[in-house]
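Labels run A, B, C and D following the written order; every chain starts at residue 1.
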Amino acid sequence: MNYVVVGSSAAGLSAIHAIRKLDPCGNITVVDEESRPAYSRVLLTHYIAGRVAERDLFLVEEAFYRSYGVRTLLGVRATGLDPGRRQLYLADGRVLDYDSLLVATGARAVVPSWSRTGGVTGLRTREDAVRIRNAALAGRRVVIVGGGPVGVKLACALLELGVTPTLLASSPRILSQVADREASLMLEQHLLRHGVRVRCGAEVGEVAAGPRGTEGVVLSDGSTVPCQLLVVCKGVEPRTELVAGHLAVRRGVLVDNGMRTSVPGVYAAGDVAESPDIWGEGTRVSAIWPHAVKQGKVAGTNMAGGRDLFPGVLPRNAMDVLGMPFVSMGLLHVPAAAGWRSVSRRRGNSYLRLVIRGESVVGAVLLGCPQLAGPIQAAIRKGGRGWEQLVPL
Amino acid sequence: MREIAGDILYVDLSERRAWREPVPHEDILKFLGGRGLNAHLLWKLTGPDTDPLGPESPLVFGTGLLSGTEAPCSGRTTVTCRSPATGWYLKTSGGGHWGGELKFAGIGYLVIKGKADHPVYLWIDDGRVEFRDARPIWGADVRQTDLAIKKEVGDGDIQVAVIGPAGERLVKFAGIMFSVYNTAARGGAGAAMGAKNLKAVAVRGTGALRAAQPARFHQAAAVCRRALLADSGGEGLARYGTSGSVEAVNELRAWAAYNFQRSRLDDVYAVSGQCLAERGYLKRRVACLACVFGCHRYTELTRGEFAGCYTGGPELETVGALGSGCGVSDPEAIIKANELCNVLGMDTISCGSVIAWAMECYEKGLISARDLDGLDLRWGDGRAVIEMVRRIAYRQGFGDVLAEGVRAAARHVGGDSYRWAMEAKGLEQSRVDTRSAKAYALAFAVNPRGPDHLHTETFAEFGLSPEGRALIARITGDEKYANPYLAEKRAEIVRWHEDCYAVTDALGFCAFSSTALYGVTPARMAELFSAATGHEISEEEIMRAGRRIVTLEKCFNVRAGAVRADDSLPWRLMHERTPDRPDADAINAPEELSRMLDEYYSLHGWDPETSWPTSQTLESLDLGDVGRQLAAVGKLG
Amino acid sequence: MEKFLVVYPDLCTGCRQCELACSYHHEGVYSPSLSRIRLVKFEDRCLNVPVVCSYCEKPPCEALCPTGAMSTVPEGPYALVREDRCIGCKECVHACPLGAVQLHPGSGVAMRCDLCRGDPACVKVCAAGAIRYEPLDAAVREKRRARATSLNPL
Amino acid sequence: MLSIGVDPARCTRCRRCEAVCEMTHGGDGQGGRSRVRIRDSGWPPISICRHCESAPCADACVSGAIRLDPVAGVVEIDVARCVGCWSCVMECPFAAIAMVDVAGQGARAYKCDGCREWGFPRCVAYCPTGALRAGAGAGEMSGRVRRQRAARVLPGRPTGGARA
């Protein structure tokens, strides 16, 4: 068997593990455009904060590929695909034959049009992180554009370095996608208390450049925030360009619970995949680490002839906001429809909200009381009944 | 093939070292497994002068090739060594579940060499070997040892092979007990283990066996299972166990009583399996691994003198040896004596046989009550038998003499006592009165370990079942030869059964699947072998492999000095007629035996002068290297 | 009429054919440790007790499973272990009062008798008739009869 | 594989497990170092790591700090690698992972280590009621239960060691 894995991050590596477990002899080839072995993108903010050394970013060493008998083509981009002939084309002109292919190309940062100038960076690669950390250590003023999880985590990291960043969120509150209103406000207060300048509802108009590079950012209301480095954290989008036109793609590459795409022999996993959610109600792209690991394992197992299923996407997030643990999961929006409601409890700095549909819990926000997160997640996965016993409200 | 056969685990007790080797594929194709591979290993690892109780003498445990699979009745384990009782070749086998457990641990063969400097037991946890101190349990009986080891290991589901106090004291007919009550009994394998200071081998196996062609194997096993369940003898075997056929054998005057002075017993019902069941001694049936019958018994005495006694058995041979052979017809005494033999770890056949011999000596005045420390060893006294069993195991008083086996005991007592020492080659004869079973007589005489029924069970000659009669017709051409009183065609019958039985043993099957009941035919065994190993073998080839095994076992004895005169029967059977059959043939006359042996040797292609296999025969069986070694010591026929 | 696996330990001879049939049916190999039905042997008393999931009305293994991996297919009811959900936490193993739930030694996933979806392989090979697939009332009738017989000396 | 089981119904809340764990792991006696927790309210009433075969916490760990030690059979945390991101806490259905300031470097994930150096979980050894149970593996656990249970089935008074 010829296995080709495109992308060697969480999903790709986990797939290699799974393949080798079932097929000790098959040929495995890994293609990744980064020239060094896989590293953890999730750790980048922790690297900036100085919690992990640069070398600890790497998920595996080169020896890993050797010990697993994996051929590595690092620093090479995959450019094209012929699913009919089961061939993958590489940028250097090489053609790889495969029996089964895993597309684990991941996601890229969303880049707004105004940001294509110097002094602006995203936070997706190791180089980005090094740049941001060096700028912060040099005492540069940093503005973070994006009030999502990555933006908030970066703000916390910079604060740990002794730099007080400005956080610009275009929505009326931070973490609007992953928290309810009350939690957002509590976290915003918490950040403000620690000195982070948070500005919500702030649209970026343009970058103000001077002779020595970026000098500030001009908001749509005309005000200017001075800074030397602008970090754009506007979320990510799946990198589907390799397979677009060959496979069914919505936001990400559409897969079933076995991580199979619309074309036989081709699988997708990780941030690039759009897979069914745990309620079986729709498909979702979920760019979180546990999903990538699990999806990679499922894909690898199925590629090697085994049988495994991905239970479905359950969106979730966990982070430490300056000593305040924040976890959210599942469906957070409560539509004004029959059967939907939410219950909440607030005691001091501890806040808990459950989203209930019918009799079942389908989503939760936990601030300052993270211990319940695991049991609640388990309850959501089991269908959501019996949550009353878990949480004395 | 490795997945079904398991590896060889070598253990050197002197050096406390253990290592594993896979079985070479060609060895499996040549010797099939179990008994066959054991013979091959023992041939390689010993020489003509190996001392059976010396540290250099290896003790080989071999699981059947199919042990651990669903092949019905395939759970038997063969133990092979140089016999401490006879000095000749010894293969002895036991049922139970130990062998299967070993197989699930990935090990098919266990070869034990050397001698530990103090009592130890082996703990094999899925192939990981530990030498554990057995000093605290040295002296414990079989049941206590089994429980103590399970407790120490902390797992009640493990399997343990144990020797009892008899094995520790090197009683020449001490056995190795598997799963508490299943014994590799004959020939003193327990003494061989005791001589190594090895109290037990405990095993836990959690692995899996995979047939090379799973669906085909499953199918073939199902065919065998159906055939066995349809056999006319199956139901009786399941319901009454082996002792269910006591009455039938008695009717044929082939049931040895009073140390073979009689060949039938008047009140035989009292010792039959039917009686055990009816009087409520029988509590339940017990089966070896993958068995469809469950012929093994569990009996308990809840009332009477021996209340509280419980044991596996008694089997037909036990009933014969400790019962009829000593004139005892009290089933409770037999059960109690059986329990003692089991927990002390002794062969019931030899044990009963030496006691019966002693009774005859006592009756004839060769030994006195003083020799016996006051014991009144009279025919039919169950309590005296029980006391004697204990004394033998612990080698107390005259028990010490009897513990050496009947041949040595007869030498000790002297006089004419050799005439009623029911042994040949030094092994006590099993319970068939061969004066009324001529194929048995031949089979007993040529058996490398001595006169018993487990070199080849020729049960078909009794003609007790339609399947048996059909088999005799197939071998000899005529059903009329299914008559145990006839001496004609016995060589053919014996040789077919020899081949078949060797295959049966090698694959791990029980005699009740192929040579006493007949569901597992050679063709079916060939099919199972092919599906299990992925190597096609025909019925003829597998029977030839059986003959190869038989021949190699013979060669072992030849190398050790055996000649034609060693293929013999106990004196009494050859010189005294049984009073229970007035007809002329009721004896194994030397001339008759000699005629049968001539036929048998020439059928095998062995030299009739010496009984040694010829180089031609050995070459034709792919045993050329064995032939060359025999030629080197001048023992090629 | 719903049928269940009913075991009659006093008839069991301990041959382990059930374990071998089960492991073959589910895994294609012969291995008691892969069997959903397990035999407990008390060898000194020659006692053999087959242990298998008894299909509790309120299965504790399902109640305590944190991921919903232990479940029952309603049409059987046949047990279903959703291997994709099982995390191998062993709650079910501890929860089962019979010891009838185990982990697969290879994959670490819970194993539980699924009645072979209505045609149990172990029943077919049990020559002693110690494992039967029968409606519960038949088992109760048998038990009542056995009990009555033991009370009556005739 | 270590296997730890919990039976809240048997728990008398004596908290001996917490005390033993605290001592074993060098705490100050205030319970801050205990890796097993008896809760006054909320769920679960007793929380302790089950050392799952495919542990969700290990799958979720972004820094590779949590892994299954195949030799000891325990799920263990490498504190030096942990970045305190709460992902594992979010995944554990038994609420068995806490964040504790271990070495003055901020909150790090903290949970039962199976008492590796002792060879057997001490809390289990000291639990007087059997609310905590443990075995070397799930096979051993189910095997023991099976045996104890089966010993009661027949009237034959098996001496075959229900506890052997």
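Rule of thumb we're sticking to: contacts are C-beta pairs under 8 Å (C-beta built on N, C-alpha and C of every residue); 3 or more make two chains touch, one makes a residue touch a chain.
As the structure is a computational prediction, the values presented were derived from the model and not from experiment.
Visitor: More contacting C-beta pairs: B-D or A-D?
Guide: Of the two interfaces, A-D and B-D, more C-beta pairs touch across A-D.
Visitor: Just by CA atoms, which chain is the most central one?
Guide: Smallest centre-to-centre distance to the global C-alpha mean: chain C.
Visitor: Report, in whole Å, the distance between the mean C-alpha point of chain A and the mean C-alpha point of chain B.
Guide: Centres of chain A and chain B (C-alpha means) sit 70 Å apart.
Visitor: So the centre of each chain is just the mean of its C-alpha atoms; given that, what is the distance between chain A and chain D in Å?
Guide: Result: the chain centres lie 31 Å from each other.
Visitor: I'd like to verify one number: the distance from the centre of chain B to the centre of chain D, where each centre is the average of its C-alpha atoms, in whole angstrom.
Guide: Whole-Å distance between the two chain centres: 51.
Visitor: Distance from the CA centroid of chain B to that of chain C, rounded to the nearest Å?
Guide: Using C-alpha averages as centres, the distance is 36 Å.
Visitor: In chain B, which residues are in touch with two or more of the other chains?
Guide: 147, 156-157, 206, 283
Visitor: Which residues does chain D have that touch at least 2 chains other than itself?
Guide: 56, 93-94, 139, 143, 147, 156, 159-161
Visitor: Spell out, as numbers or ranges, the residues of chain A touching 2 or more other chains.
Guide: 375, 378
Visitor: Under the stated contact criterion, what part of chain C meets chain B in this complex?
Guide: 10, 13-17, 20-21, 23-24, 27-34, 40-48, 105, 125, 127-128
Visitor: Help me check something: in the complex, which residues belonging to chain B touch chain C?
Guide: It comes out as residues 68-70, 72, 97, 100, 104, 143, 146-147, 156-157, 179-181, 206-211, 214, 218, 225, 229, 238, 283-294, 296, 298, 310, 312.
Visitor: Report the residues of chain B in contact with chain D in the complex, numbered from low to high.
Guide: For this pair, the touching residues of chain B are 147, 150-151, 154-157, 206, 283.
Visitor: Please give the residue numbers of chain A that touch chain D in the complex, ascending.
Guide: Against chain D, the touching part of chain A is residues 40, 42-43, 46, 51-52, 56, 59, 289-290, 293-294, 316, 318-320, 323, 325-327, 329, 370-375, 377-378, 389-392.
Visitor: Help me check something: in the complex, which residues belonging to chain D touch chain B?
Guide: Within the complex, chain D contacts chain B at residues 139-140, 143, 147, 156, 159-164.
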